Structures are given as structure tokens and as C-alpha cells.
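Each chain carries a letter (A, B, C, D, E and F) given by its place in the written order, and its residues are counted from 1.
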Amino acid sequence: MPFVNIKITKDGATANQKKELIKGATQLLVDVLGKNPATTVVVIDEVETDNWGIGGETVTDRRSKN
Amino acid sequence: MPFVNIKITKDGATANQKKELIKGATQLLVDVLGKNPATTVVVIDEVETDNWGIGGETVTDRRSKN
Amino acid sequence: MPFVNIKITKDGATANQKKELIKGATQLLVDVLGKNPATTVVVIDEVETDNWGIGGETVTDRRSKN
Amino acid sequence: MPFVNIKITKDGATANQKKELIKGATQLLVDVLGKNPATTVVVIDEVETDNWGIGGETVTDRRSKN
Amino acid sequence: MPFVNIKITKDGATANQKKELIKGATQLLVDVLGKNPATTVVVIDEVETDNWGIGGETVTDRRSKN
Amino acid sequence: MPFVNIKITKDGATANQKKELIKGATQLLVDVLGKNPATTVVVIDEVETDNWGIGGETVTDRRSKN
């Protein structure tokens, strides 16, 4: 019955990569806590880099400096 | 003052259905706990089926099998 | 497959009231969107009044004024 | 290491306004709790007015009445 | 920079199991998306079984029937 | 109408510090976006250091090394 929410910046994660995240997060709950995968829910949020900040600045700005 | 977040897959919920969800969730808090509807907030997140997993696979994949 | 998160202040909601919230929120998703109740998850967070703010002040402070 | 999530209605906040939110929220954690800004994360969610309810109705409807 | 939130029922997960969840979720983001583990945050919420519902009833009630 | 959720490790933040966070986050939304403070909600979650991970390890473990 676990619920996992994964927030990442919107950077072109492919449908296959999202499948791998969902499969892997579900398996992690099975392996570590013996949870039932049938009722394990994973939701991925992809967030624009203008809307994600770290160190007080947006990811958009951080990347423009590199 | 309650805050309710409803996450559903993005499947063409209409504006009217979303109104019903907001009205119903607010009324539920009034009926069960006597909360003030004026300060009850409901936020609906509609999530792509590629980004929602259950049973270790995406909703996109589950549906393609049926 | 919906996921509902209900945040309320920690004010002595009883186990029965929490049952009613869970039952009602699940039924709402069934009634409005035809969702499957078996995979509808509801999580209730009860938050200390020191940790909940509205209008720029804590609920603790607002209540002490009334 | 704090994590801040700011949910607002989608109303044309500019990139600069989002920078100000991220900068300000990060600084708040530094000023009040002495947190390390380098690992402070801020995520802004912009929510359609059809998906945000207060007082039992959508923001879309509330605004159409004014 | 990803942020992962894992919600589980409060059932006596040990400190070691929580370490495994944090390590595993971080590694998943590294393996699938090449994310930087240094800025990957994982937060685990443990929720009372009275506060977690599935199928319209609390986990407390579901378990009492088995 | 904004909703702000601040997650911090449980480290003895005082009631006064939490008031400052709530006041400051609300003012930030007023200053940057002209939001109405009366309907701005702030919720603070304090998370045990065993339940918060960064860099693949718990905050408990990171601190024990310093």
C-alpha cells in the first residue's frame, strides 16, 4: 500500500526511463519492507527548471552558468 | 482550514467533474469534522498515465493489455 | 487508482471520524469519476496547530485570540 | 536540507517572480533556522484555476462572479 | 536534485530498513536518470493505520478482518 | 490562496521560529505575487532525522560522522 512520489526536473525523461523508475521504486518497497506490489503506487512529477530552485536560484539559472 | 489534494490520472475529467470533486471534498470536511468551508482548499493534480505506476508498471502499460 | 491526501489540524479527530473521511473521499471518486474504490488510497495528515498557519499566523495564535 | 513546496494558481507568474519566490523562501530558512541554502530545495507548482477550489467552488467560478 | 517522498504505514520499520529505502531510492535515480546523489533528497512519512485508507476503509479495519 | 509546505528535520524548532516561518512565507507570497494573506496557508512538517535522506544516507548517519 505504499505511495511514492518522485519529483524530477522536466528534462526529457523517456517513457522507458519512467517505467524503470516505477518498477524500481516498487521493487524497493517489496525488497526492504515486504510490501505488496499490487497496491504500491508511484507518481512521477516532472517540474519545469524555472520552477525548481536549489541554493536560492532556479535550475534554469544554475545551468546557464555552466 | 483543511487542505485536500486529489491526484488522478489525466483522463479527460471535465470542468464539471472537477467542480463536483471540489464541492464534494469540501462538504465532506464540513459534514464529518465541522470544518469551515470558506477556508477549505482542494487542489486536483492530473497526472499523465506514463507517470503513474501501480503494481510496478505504468497505467499506460496496464491499459494496453486490456 | 486515485490518491487523496487530507491535511487537517490535530484536534482530536476520532477513529470513527477518520473512517468517515476515508469512506467519503473514496465514494466521491467513485461517484464523480467512476474510479475503482479497491485501488483508491486516502492518507490523512494531522498537523499540530503550531505548524499550521493561515493569514500569516499560527492556528494556535488565532485561537488564543477568540 | 529543507524542502519547500509552493502551490499557486497558474496566473502568469513570470520567470523573475518565480526566481524571487525561490530566493525568498531559501533565505527565510537561512534567517529563521540557520539552514544551509546550498541544500535547500524549493519546488513551485502552478495549478489551473479549474483544479483549485476554495469555499467549495473552483477559482475559475469565483472569479467569474466578480 | 530529485526529491522522493515515500509514504508507508507506521508498522515498525527499523532504522536499518529506512536506511535501505533511502539508499535504494537514491541509487535508482542515479541508475535510471544519471542524477547526482549528493543533492537527491528522500523523505519517509510513516502514517498511522487509522489514517491510511484503501478500498474505502482504514488499514486498521482491513487488518482486523484477517 | 497559495499553499506552502515546508519540510524540515525535527531539530527542536521553537514555536517562535515556526511563527517566523509562517509569517515570512506568507509575506513572501504577498510581496512577490500580491496574494491575499488571509487565504494563504502554510504547513510545516518536521521529519525525524532517521526518515530524511540526502546523498543516499540518513541525516542521522551524516551527523554522526561529523
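For this structure, a couple of remarks:
Rule of thumb we're sticking to: a residue touches a chain if its C-beta (ideal position, glycine included) is under 8 Å from a C-beta of that chain, and two chains touch if they have at least 3 such contacts.
Note that the structure is a prediction, hence the values are computed from the model and not measured.
More inter-chain C-beta contacts link the pair C-F than the other of C-F and D-E. Repeated interface, listed pairs B-C, B-D or C-E, reference D-F: B-C, with more than half of the contact pairs matching by residue number. Spacing of chain B relative to chain F, judged by their CA centroids, is 25 angstrom.
Taking the mean of the C-alpha atoms as each chain's centre, chain C and chain D sit 21 Å apart.
Shown for chain C are the residues in touch with two or more other chains, namely 1, 3, 7, 21, 25, 39, 41, 43, 52, 54.
On the side of chain F, the complex with chain C involves touching residues 15, 18-19, 21-23, 25-27, 37-46. Interface of chain A with chain E (complex): residues 1-9, 13, 17, 20-21, 24-25, 28-29, 31-33, 35, 39, 52, 54, 59. Taken together, the chain A residues at the contact with chain D in this complex read 7, 47, 50-58, 60-61. Of all residues in chain A, those touching chain C in their complex are 1, 3, 39, 41, 43.
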